[in-house]
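The letters A, B, C and D name the chains in turn, as written, and every chain counts its residues from 1.
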Amino acid sequence: MSHVATVHSLWTISADAPAAILAPDIEYMQLLPVLIVIGAAVVGIMLEAFLPRRARYYAQVMLTLVALAASFAAVVGLAASGHATEKAQIAGMGALAVDGPALFLQGTIALVAIVSVLTFAERRLDPAAHGNRVDSFAAQGAATPGGVAEQQAVKAGFTTTEVFPILLFAVAGMLVFPAANDLLTLFIALEVFSLPLYVLCALARRQRLLSQEAALKYFLLGAFSSAFLLFGVALLYGYAGTVTYGGIAEVVSGDLQRVDPAVAATMGNDALLLIGGALVIMGLLFKVGAVPFHMWTPDVYQGAPTPVTGFMAAATKVAAFGALLRLLYVVLPGLRWDWRPVMWGVVIVTMLVGAIVAVTQTDVKRLLAYSSVAHAGFILAGVIATTPSGISSVLFYLLAYSFVTLGAFAVVTLVRDAGGEATHLSKWVGLGRRSPLVAAVFAVFLLAFAGIPLTSGFAGKFAVFKAAAEGGAGTLVVVGVAASAIAAFFYIRVIVLMFWNEPKPEGPTVAVPSALTSTAIAIGVVVTVVLGVAPQYFLDLAGQAGVFVR
Amino acid sequence: MSFPLLTVTAALPAVGAIATAAVPAAGRVAAKWLALAVSLATLVLAGVVFARFDPGGDRYQLTESHAWIADFGVRYELGVDGIGAALIGLTALLIPFIVLAGWRDADVPDAEAGDTRGRRWRPTQGFFALILMVEAMVIISFAATDVFLFYIFFEAMLIPMYFLIGGFGDRAHASSEDEAAKQRSYAAVKFLLYNLAGGLIMLAAVVGLYAATADQLGEGTFSLARIAEARASGELELATNTERLLFLGFFLAFAVKAPLWPLHTWLPNAMGESTAPVAVLITAVVDKVGTFAMLRFCLGLFPEASSWATPVILVLAVISVIYGALLAIAQRDIKRLIAYASISHFGFIVMGIFAMTSQGQSGATLYMVNHGISTAALLLVAGFLISRRGSRLIADYGGVQKVAPVLAGTFLVGGLATLSLPGLAPFVSEFLVLVGTFSRYPVIGIVATLGIVLAALYVLVLYQRTMTGPLKAGLEKMPDLRLRELAVAGPLIALLLFLGFYPKPLTDVVNPAVEHTLSDVEKTDPKPDVPVTAHDAEAAK
Amino acid sequence: MENLIGLLVAAPLLGAAVLLCGGKRLDRAGHWLGTALAAASFVIGVVLFADMLGRDGEERALHSHVFSWIPVEGFQADVAFQLDQLSMTFVLLISGVGTLIHLYSVGYMEHDARRRRFFGYLNLFLAAMLLLVLADNYLLLYAGWEGVGLASYLLIGFWQHKPSAATAAKKAFIVNRVGDMGLSIAIMLMFTTFGTFAFEPVLAGAGETSEGMLTAIGLMLLLAACGKSAQVPLQSWLGDAMEGPTPVSALIHAATMVTAGVYLITRSGAVFNGAPDAQLVVTIVGAVTLIFGAIVGCAKDDIKKALAGSTMSQIGYMVLAAGLGPIGYVFAIMHLVTHGFFKAGLFLGAGSVMHGMNDEVDMRKYGGLRKYMPVTFVTFGLGYLAIIGFPGLSGFWSKDKIIEAAFAKGGTEGWILGGVALLGAAITAYYMTRVMLMTFFGEPRWKRDASGAVAGASPQRPDVEPVAENAADADTAHPATGAAAEPHPHESPKSMTIPMIVLAFGSVFAGGLFSLNSSFVHWLEPVTGHDHGHSPLSAAAVTSATVVVLLTGVALAWAQYGRRPVPVLAPRGSLLTRAARRDLLQDDFNHVALVKPGEYLTRGLVYVDAKAVDGAVNGTAAAFGGLSGRMRKVQNGFVRSYAVSMFGGTAVLIAATLLMRAV
Amino acid sequence: MSPVNYLYLASLLFTIGAAGVLIRRNSIVVFMCVELMLNACNLAFVAFSRMHGNLDGQIMAFFTMVVAAAEVVVGLAIIVMLFRSRHSASVDDASLMKL
């Protein structure tokens, strides 16, 4: 009967005056990193609207870089003022967590974004069209490929400078994603960074058909997966009566302080919890590209404009793993014994499939895509260690991996032939003879991917394997080692054909990049080597950042 | 804080490598001289290390220890025991000869030198830079007393080796240049994948070791000293199965490197396809890291497991001895023949290590040094021969001694060293190994003794087919050894003779280290059945 | 005095080093330097000998510790010398004969462009051989042991451009290696048993260990001896070793190196005394070999090979004697010394003959040479009488004693061994007479230049092919001498004849000297020990028997080769003859029993290595490639199938989670 | 009528949507199926909200609608663009990249 009464109280206006709605107080300082980026994005749109076309490019690039730098500075400021550790807190009415992992990952994402912007802004690689320098984005996204409109756009020297604000929106979403502290924010953030990425994927200047196809696939599958995630959210809500991580965690672990009796009656159905949790995890696994939710990766990586691919491969992984970590460590630790075995399966399959399928790839970008799948497997091994060192190792791995990836894709943009980037491996034959430097740099990245000592890849791999072993997952270590051995094979293959096969006369040319891309690659190399030789400082950082607030 | 001698010794070639690589394309010759100078300077430093090492002193000397990666429990810890000192000496000693022998191996053919990519493409600089880089890494891994530090360089040295093998194969190939390139990259990839796979298995074991130490000591560590101490005080008690698994992880990696049958098949390809100096680098220097590591890490970290695995390992070793020799007899290619001979010799080394007797292990250590020198002598001279005819096939030679007696002579001495003739260094070590093995495992020892007959067979057959008999057509103009080549062969042979008659300087350094190792595994030499009074009297005085 | 011992070895070693590294500028004087150094060590030997005679029986042995060679925990190998009567005997023999042969070679190798190196090798040999006999422990002995092996390898193959020479050298070394294996195993056994391998402690302690162990050690030592001394079953290399220049055959393959086995057995007397079974085997080996060698010697037309066969058989005598234990040791050594003289003399004689005959070695192309080379004839003749044991000459004294000792062994063994020894004596007389007659008596068969025609005709005749081949090789051997020209037999130069004369004196008187109130016995007794077994036959009986059999042997040979002319082309001969010409099929046996199977084995292994060992790895790699190729098919480009996999994955995820909860 | 039935309905709709995505070829239809799934989620939210008697679920539903709208904007743009360049709306034609 009481049940009916409460329902009644929901929508019938009671006689007495409604309680005053007190306005929420937002900790703007703690949210600054995100706010800066969003603000800049909005400004960027304005610039598109009002600035003359010639001025836009420079304005946008400057704005974006400044905004991202500022955001990064804000992150550092917060971390420095202790928000990463003792002053870690929940902000924005429980929507966001400001704690170590969040700040660490936000910082990483900001940096990744900055480097990506450099590659986005590169205009030296493609030959100038009608005297206008062009970047790797379509003159006019809406124009049909090869159609009259496009030709006119090219002639007029249009460039899609919208990519910069779009990028900023995506970054904003990514900054929120790992910090999201309730399922609603999680979902919104997911969409906020996914939708811009769908658009970016479609904007390649060359091979637009592939680009558009990639966009379509990414969009459909992405929407599909987020629908699953959303349904999972719904079920979890149904289970716990709340969508805040803390609240759900309480229900899971069964210690309830502030639950009104009405909800208490209808919640706690474990089926909802398990299914809901599985669906949400699935949504995140899709983003990190874990098997069997990885199938979009090769196609999208291949079709998307290479700078975008680099950005996606690096930043999306960081954001998604951040969210996954928080979900597993904050919301579902009570369920460890339920999801861990399942995740074991996912980890093993991911590592092996990624490594094995990559062996026979013939396109650099697809190769890197599969390698990213394998790496997702390695990182997951650290994720499910469920030890503090597990968290820090994952954070470190993400930092290391994202810069290697950025660098690698940046190098890919340099190797070109008549049809734009020459991504087919047969075109890379003898690269080492034509331009040893570029080949050597790429070799460094490949070795880092392969986890050769003295590169960041090795430090990261050791960190996660160590965590896994401590977490009692020795089997995963062994499988991971086996997978690395298989993976080594195809990285080596690339090196072989770069260096020791005689270059073909119609081989590719290596475009001489402007300072932008050069900087991006240089940063990639430096980070790779530094994290490989002297990782201790960053390990400490990750170690301190390794505690979630709840 | 004393002067970091070991670090400097290892760093010098590394710096030299970078400097060499930086020499512009025009200054090829300068690069060569620079590399030679650096390698000689390193030799001097190594000499200092050897001199400063006091056989009577602590187990590890010239130690350095700095924090490095605390999170992984990794410290930058260096230190040499007698074995390490000897092998560092060997490495530093061989590199100058390798550089000198490879003087012309990486010259750009004039055809390429002219064209535009000659501008950026600087194989000569690369060749010598890579050699020096390998030297640096090898020295570090001989000096590392931290398992992780060792592992890092143990793995990292694969990369420069990989480029040396694949990038600079000898031009002496039967078929076309394309074919040669194929063979080369096959060999290089095989080398890398074999060793990388071994290394990754070891990585798993390294992680396991960390987990074990972290679990029992509170904080994970890789420091040999720390682990030994913890083991002694009983803090660290590895469960039997854990220890065995970890041991296997380590041993597999070393067995691939060393190479032990049946993990050996990468060696003939690698040595066959690479130039003679690089082949020497592989078999005389880099592979020694494997056997050295068995001695220091397998026995040092996992004594029980080592004794547990001994029987199997000994059988594999003796198989390598015989198998390698038999295959060497059947080879048609000079360098592959020497490669299989090396496999046979590595069998001896492993046998000596796991015989767990002081003779065996001292012998094994001497063997590493002597085999390095003798193989270098034989292989480098063979390289000179090959470079003259441009073929590796034994059948393409004959009667060389008529036109190039000095070449033939040095080749013969190298060969005799390989079949371990008394008076030349390898005899000492081989006999020690045999005695050491025999005194604990008579059957194994006797079977291995067959190896000395087979060795005579493959060496003398090689010499007969290439050097004696009527002169093969096309060799009439073959020049004898040039001055540079004599400068390579001469000292090596002198060294072989000296160490053959007076190995004392080496044994003095090695013996204490071996005693330490034996005490690690808690083994003592078997006592003779009849303690002869006269002998005891001798021992007394 | 002790310090002089080192010099014995050092002098020739220095010579070798200087001559081999010295380069061309030594070409002119090099051979004299080599000879001088050999002589030097002979002189030192004599000095030491005099000094040794100064002291009486027991204190004669000298020891000198030079430096510690391989010092390893529990394993102390020293470079230390021991000069006792036994070693002294060898020192004098080696350096003495060695010096003479150096001298001889000066003339013999006159025309050879690489004479300097030849002398280098000779000096190297002397050094190694002296090391062998002076070592005071088995490991150092082993060093000398292999050193002489090396020298013999280098000298047999001195004319490397002859494939036959190169092959012979290789064969000699490898067969010897088999023996060396025995020696090294013996040393290991000693080390494990006694914890040392120095003569003194080992021999002293021999009594304390089990007979089985002693037998094992003894047999291993015997294996070594067989290799070095060309005893059955490791005899096959000696015949081919004649490819070397004749002085080499004289010094290494007759006088000194091949007798090292006898030295080893005598030296290890204490071990063998403790192991009767081993001794029995030794005697059997000796007996078999002495017959074997004798038979081979009968069939060979190549003068050097005939002599080689006889060497084998004579060493058989020595080994037999050594196998008899204390009764025999002394006589073994005594025969060894006398044999050193006369066999060296015979070889030098043969060399001198060849020198005069354009290096023709086929005795069937000699004949009636006594007129042309009187000195050679006389010295050779004396050697001949000595070896067949003509009463009064060296061979008689030593061989007779051995036969006695054989009978003295007692029992059936004694009778058998004695009988064999006698039979051997008969055959010796036969084949040596044959050599003598074919070479120096009868019609000159070399007048018309038949060699070309004969050589041309011979290939159809497998049994004489080796002869023709050797003739051809010998021609190419000395570029200086014209190949098929008619030879002008002439006496050799002084440098060659003098050594022959000296050796002839040795082969006449040495035996008698030794036997004067059995001085040699007393000389060696302190080292080897000696006991006079009681022979079932009186000494006189044995002696007369010996004389009778040797006379019959001589008579037979005379009947066959003296009365009727010797055919230039060898008759087909009986089955045995043909077998004997092929060294009683030893090589054929080795070929079938060892070489062929070995080849199949190695070929098989090559296949295994490529297909199985390597194949396994490549197979794995290929397997992953195929797997990968199949798995990427799933990535079919259709977005809907991607969706399916996601959907299925989710389903599995959920199912698994629920399952986990259920269980 | 118990709100639980609405949950069953929601699940049914969700399943129908998912099935549609898997079997339909026309990209527009596929996309509509995705929207259907989202709406199923909304229904579930509202139903749960009703059961729990708090408003979170309904708020979620509003957000979902907004997101769905945004997805339509991006999605249709992409689909139309692809249609213009290929003159086909079939998702199976968009399979240039494979293996």
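The definition used in the following text is that a residue touches a chain if its C-beta (ideal position, glycine included) is under 8 Å from a C-beta of that chain, and two chains touch if they have at least 3 such contacts.
Because the structure is predicted, anything quoted here is derived from the model rather than measured.
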Separation of chain D from chain C in steps, with touching chains one step apart: 1
Contact counts by the stated rule: is the higher one at A-D or A-C? A-D
If you average the Cα atoms per chain, which one ends up farthest from chain A? C
Report the chain closest to the protein's overall CA mean, measuring from each chain's own CA mean. B
As a quick test, compute the distance in whole Å between the mean CA positions of chain A and chain D. 24
Chain A and chain C, separation of their C-alpha mean positions in angstrom: 81
If you average the Cα atoms of chain A and of chain B to get two centres, how far apart are those centres in Å? 46
Averaging over Cα atoms per chain, report the distance between chain B and chain D in Å. 65
For chain C, residues that touch 2 or more chains besides their own: 621, 632, 635, 637, 639, 643
Going through chain B residue by residue, note those that touch at least 2 other chains and give them in order. 193
Residues of chain A engaged with two or more neighbouring chains: 216-217, 220, 224, 228, 298-299, 489
Chain-to-chain touches, reported pairwise for every pair that qualifies: A-B, A-C, A-D, B-C, C-D
Can you tell me which positions in chain A touch chain B when the two form their complex? 389, 392, 433-437, 447, 450, 452-454, 458-459, 462-463, 465-466, 469-470, 474, 477-478, 481-482, 484-485, 488-489, 492-493, 496, 499-502, 534-536, 539-540, 543
Partner chain A, residues of chain C touching it in the complex: 621, 624-625, 627-629, 631-632, 634-635, 637, 639, 641-643, 645-646, 648-650, 653-654, 656-658, 660-661
The answer for chain D against chain C in the complex is residues 18, 21-23, 25, 30, 91-92, 94-99
Which bits of chain D are touching chain A when the two form their complex? 7, 10, 14, 17-18, 21, 27, 30-31, 34, 37-38, 40-41, 44-45, 47-54, 56-57, 59-60, 63-64, 67, 70-71, 74-75, 77-79, 81-82, 84-86, 91, 94-98
So, in the complex, the side of chain A touching chain D is made of residues 6-7, 10, 141-142, 144-145, 184, 187-188, 191, 195, 198-199, 202, 208-210, 212-217, 219-220, 223-224, 227-228, 230-231, 233-235, 237-238, 241-243, 260, 262-263, 266-267, 298-299, 302-303
